[in-house]
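Lettered A, B, C, D and E in written order, each chain numbered from 1.
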Amino acid sequence: MIKPENQISIPTRQPAGPRLSIPLRFRDRRRVTILMTLIVLAYITLATLPTMIPSHFKLGTALTSFAENIKIMFWQPHLANTTFITLLGALGQSILLAFLTTLIGSVLAFFFALASTRRLAPTYLVLGIQSLMAVIRAIPTVLWVLIYSVVFGLGANAAVVGITFHSVAYLTKVYADSMDELSPGIIETMQAMGLKKSAIIRQAIIPYMMPSYLSWTFIRFEINFADAIAVGAAAGAGGIGYQLFMSSSFYFNFHEVGVMVYMILAFALVLEIISYRLRTATN
Amino acid sequence: MLTVKHLAKSYDGEKKSLTDVSFSVQPGEVTVIIGPSGAGKTTILRSINQLIRDDDGEILFDNTDIRQLNRAQLRQARCRIGMIFQNYNLIEPLTAIENVLHGCLGTKSNLAGIFSIYRNREKEEALKLLEKVGLAEFAYQQCRNLSGGQKQRVGIARALMQQPKIILCDEPIASLDPKSTITVMDILRDLATNDGISVLINLHQVDIARSYADHVIGINNGQVVFDDRIQALSDTAIASIYQKDANSEGSVVHEF
Amino acid sequence: TGSHQNAKTLTVVFLPGDSAKEAGPARTALANEIHKATGKKVEVKTTTDYNVAIQAISSGKAQIALMGPDSYIQAHKQNAAVEPILTYSGKSGTLKDAQYHSYIMVPKDKANQYKVNGKFSLEKIKGQKMSFVSNTSTSGFAIPAGAIQTNFNLKNKDDLQQSGKFFSKVLFGGSHQGSAVNLLKGDADVAAFDDMDLVSYGKFTNDSTKAGADFKINANAPAPFNSVRGKESIALAAYPVQNEPIAVNSKMLSKSDTKKIISTLTSSRIAKDKKFFAPSNAKVHSLLPKDGDTQFIAISDKWYAPTHKVLGE
Amino acid sequence: MNSDVQQVTNFFNTKRLRLSIILVIFGLAYIGASIGLGFQTQSLLNVQAGIAWLIHNFIPNEASQGYWNEIIQQLFRTFIVAVASTTCAAVVSLFLAIIGAQTLTPAITVSWVIRCLSSLLRNIPIVAWAMILLFSFKQNDLTGFLALFFMTLGFLTRAFMETIEDFGTEKIQALQATGATYLQVIFQGLLPEIAVALMTWILYMIENNVRDATLVGLLTGTGIGFIFNLYFKSLRYGAAGLVVLSVIILVVAVELISNLIGRLLS
Amino acid sequence: MLTVKHLAKSYDGEKKSLTDVSFSVQPGEVTVIIGPSGAGKTTILRSINQLIRDDDGEILFDNTDIRQLNRAQLRQARCRIGMIFQNYNLIEPLTAIENVLHGCLGTKSNLAGIFSIYRNREKEEALKLLEKVGLAEFAYQQCRNLSGGQKQRVGIARALMQQPKIILCDEPIASLDPKSTITVMDILRDLATNDGISVLINLHQVDIARSYADHVIGINNGQVVFDDRIQALSDTAIASIYQKDANSEGSVVHEF
């Protein structure tokens, strides 16, 4: 459609008379927002960065020791306190934890998302669920696991429930967002044919959602793998994270840390290849 | 078949999109609604199957007022009203036959809807309809791979699967190339003539209306300004239908 | 819902809080012995989380626990049914020396600065950079911090854990090794750690039980001590720490089972088993360090009275 | 039966079969993983027990009110660390992304090196970063800052690089065709075009880092993570609950602010 | 003004996109290049300011061979060659005047470019050019809010800001509606006639070429097949320019 040219008419003529300086732009909300945000961020950073450096801090020593440890990690990885098989088992445990939590999380989140998409659900439900999810998301996974490990006691239950909590909250949001992106015409059409809600969900929404559902779920799997490691370390929930924590915090054996980091990187590489395949397959 | 009386609708409670619209549609006839953009054509069509709730009036379909029905009854009624959209609104990741079969889900149970359980009779019917619109060989194609004209024909087959008494078409050919336009309009014409279905079409193209319509309703600024046989549609009548209304605020862009 | 004294499986929880020395085979060996003694299936659970272990034993989800004295005291406080049944002896094979030591150490070259009236004293550690082990460690935090609290008459230990309050800086080494390294590398002026965890890295060159104890890192100490070999530190104060107990939840474990476990573990067969007791320089990771006639000895909560007192609980 | 109808039936049966097989596979995988981990499914039904416990124990009580000062102070430090690390990482990664993006790179090897680097930084677990840094930099905010910095650097470099590559080459060439230099093209052409997208990424990362800062704090003994650990481990659940509450408030506030900025930008 | 001799280019080292292309362009004239899609029109234009490096030949601009220049010299030369694109390629979040001012970046320091430091004289010039293309009142509009025709006129003003001796236009009107097409072509015609600039345009529309060009170059399959005054462009000549080359593999789609 051709826009009539007089539609946008902001007075932009310069006042007559000698012009000392011609501006390049008038106030532009976007620009002002970006500038203000950047100024605030820069101010916070510059003002507080020096306060983070402790007094009597020997940067040189710290850096040499850091470089030394990095070198040990990457160039001299070997095991002392555990066996490779143990580590492999631990890695497997972390992977299983990530898998299980993603699976449970994605199924639960799917139903929550249905109940919180503007396309299908009443506003109060949408707002209610989404705020609840925002609050759950706000609590770091590791806190969930710590809390549940006291409630449930030992074993994997706490880790699974804790990570699932966060997964559900995250996935509900992204699933609901991608459902919201669905053209309203699709659902309306099905309604116009007299279809029931269950049929609309199964016959229209699921087929359209499948690709984004898969790709978000996979992304969440990667996040859950990282979380499984973190939780293993910070909440003693087992897996390769626990081993990592023991080696680095108890034995100070960075050779061993190196082995584990390599194992984790290897699995991350596998994930990256799969996600690349997924992306090219769906395109 | 369908009679609309004194229909009124305002989206924002202020500006009236429809004022006192009355007309009726006969079985076996193609009725075309024409009018400038923003006149209210889409609003009329969507009021008929209550995709939007109007403010006032009566819509008699099979002698019951659709506006008075409760949710379940409305779903029942909708099962007998086919609808065809400018953007086809097919479920693109599914195949043509699945889309056509959706047309009969309205009368089926929740379970059937969830697990795609269809009777053999329905499957047969769907295949027959695809053949009728000339797409027998595309039955197992994903709809996203079809061309615009093909998609619209799947849309028609889906509407027919509802065994409708009336088919509502909102600018069914706006996105189509000339050749597909003719194919689609021919099918619609045929449905009215041979199957006795009422066909109600929103159109922008007056020349197409001339070739296919039995009856024409002209809408301008939410009011019926013309309602007669196609033969009565003179050039002056057209001019008056499309005239820019002095009362309406804003500029109305003519897109035809 | 009443007690489950007849639970078919027993759960043993390990908290490697103070000691990093346990290893899988040793834990399995303990489980096997308990299984043989009681005839019940035994499950081993390990956790680094202090709360989990305390919660597990006090709530009865676990029946048996091997935990540091501080953790035991906490669990006992939560549920009086948690009772110690065994601990291990010292060199003499009796309870007399069933203890190790926790120290507040300073580098040898600066040790004289901390003398008041010619004696080592805690007076001057205020405002220094302090290194503890972790805030859940008995010998690396609870005992020394309790002593500091008493010495300076503090309300609680919170201020001792945060930089810029009592100390100018507070570090947590994560382990006894880490705390010692903090001190010897100069990142901290004062550090708390114990002897038990460091025996394989260095030696005391004089009386290790009182202030003035001099700890010297071996010339061939492995990481993380490789950069501080040969360095020495002096104890401003030394505190005895009672050895860690095997505790049970008496509501969840029947008297007869308890008796069976005690009699099995105190047998001389166990005292000789390398999986349970082995010198700290031995190849195998034993459950506990062997020194002379170390063995398990039956105890009750009374024995821990001194620790109860130090911790003020 | 009509063979065409049979074909339709087969079509739906195949579809259903495929779906069932997938469901069965996932079901088996679920059972396998549960057994492998020792996870009991019924504990999912006990979630409400956890919530009840939480509410019972974590409701901040009279005594815990006294901790506000401490918590606010640590919360602020945590926020600062998250913001500073994101900002610094954003500056560095913008530079890396520009010279690494395939459309602007001076040499394709540079592009690959940067790609690998960013992937490495992202995939080394934050636990490992925290621990290595803790050993050398000790317990202070700088350690947390650096751990977050490295992770964020890896993530943002990748995100920025993709943003720049999506931007395409045409507009860059249009400016080159006026005789503009490399720097001029970047500042006059590239940056104005991608500014909004970059901003969105930065805000997202800040939000994320506030959450991660808690984890890093827990591991390195700094900030809000440390005092949570402190209260939690000394069984002062009321105070720990207060910490959780303050984290919720902070994260939700950051999310709201970033939504607001996002709306101003669109 | 501009003379191209024996230009050759192959993207993949195998299939030749240009073979021995020679022609020259006169000041004050509009020269139009026509030819089927894939013939090599874009390749010729981009070779002239070396946005793509060709394989062989000579490109004499102001009597120096552009192909022999080093980076700094090439930048200098580019300052005097304006270029206009089918997709406008404006920096959309910036205002029209900022985009126009980009035209003088070539003569300024890095610093001035980074901090948008322009002389008042330059700003005045930019405003004058915007007025010239009829967009004086849109100077402070963000380009993303402009219509296609307006964007293209900003593009022209940007090119003029370079004070070019020649303007290269790659299908400048392909994305425009008929009305904007005329506005834009009128401006280009005017630049040649009144300002004495050489204008070299790639076009798909032969009728437009007929109305605006002085000289026509026909390209087919990378070779010059026609090079004469517009008056000589007979229908048979057009047919031969657009003829599907028997030698070329694949189908060449005629888009005009």
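Following the convention adopted for this analysis, a contact is a pair of C-beta atoms (placed from the backbone, for glycine too) under 8 Å apart; a residue touches a chain by one contact, two chains touch by 3 or more.
Note that the structure is a prediction, hence the values are computed from the model and not measured.
Enquirer: Determine the shortest chain-contact distance, in steps, between chain B and chain D.
Expert: The distance in steps between these two chains is 1.
Enquirer: Just how many steps, at minimum, does a route from chain C to chain E need if it may pass only between touching chains?
Expert: The fewest touching-chain steps linking chain C to chain E number 2.
Enquirer: Report the pair of chains linked by the most C-beta pairs in contact.
Expert: The chain pair with the largest number of C-beta contacts is A-D.
Enquirer: Taking each chain's centre as the mean of its C-alpha atoms, which one ends up farthest from the centre of chain E?
Expert: C
Enquirer: Taking the mean of the C-alpha atoms as each chain's centre, how many Å separate chain A from chain D?
Expert: Roughly 4 Å separates the two chain centres.
Enquirer: Hey, how far is the Cα centre of chain A from the one of chain C, in Å?
Expert: It comes to 39 Å between the two C-alpha centres.
Enquirer: At what distance in angstrom does the C-alpha mean of chain C lie from that of chain B?
Expert: The separation of the two C-alpha centroids amounts to 82 Å.
Enquirer: Counting only Cα atoms for the centres, state how far chain A is from chain E in Å.
Expert: About 46 Å separates the centre of chain A from that of chain E.
Enquirer: Going by the touch rule set out above, which residues of chain B reach two or more other chains?
Expert: In chain B, residues 115-116 touch at least two other chains, as defined above.
Enquirer: Specify, in ascending order, the residues of chain D that touch 2 or more different other chains.
Expert: Within chain D, residues 134-135, 138, 140, 195-196, 232 contact more than one other chain.
Enquirer: Which residues of chain C are in contact with two or more other chains?
Expert: In chain C, 51, 169, 174, 224 touch at least two other chains.
Enquirer: If two chains touch, include that pair; go through all of them.
Expert: Pairwise, the chains that meet the contact rule are A-B, A-C, A-D, A-E, B-D, C-D, D-E.
Enquirer: Under the touch definition given earlier, write down the residues of chain B that touch chain D in their complex.
Expert: 95, 97, 115-116, 118, 120, 123-124, 126-127, 139-140
Enquirer: Of all residues in chain E, which touch chain D in the complex?
Expert: Result: residues 49, 51, 75-79, 81-83, 85, 87, 89-94, 98, 102-103, 105-108, 110, 113-116, 158-159, 162 of chain E touch chain D.
Enquirer: Help me check something: in the complex, which residues belonging to chain D touch chain C?
Expert: 70, 134-135, 138-140, 221, 229-230, 232-235
Enquirer: Which positions of chain D touch chain E when the two form their complex?
Expert: 170-171, 173-181, 183-184, 187-189, 192-193, 195-196
Enquirer: Residues of chain A touching chain C in their complex?
Expert: Residue list for chain A touching chain C: 54, 86, 146, 149-150, 153-155, 158, 235-236, 242, 245-246, 249-254.
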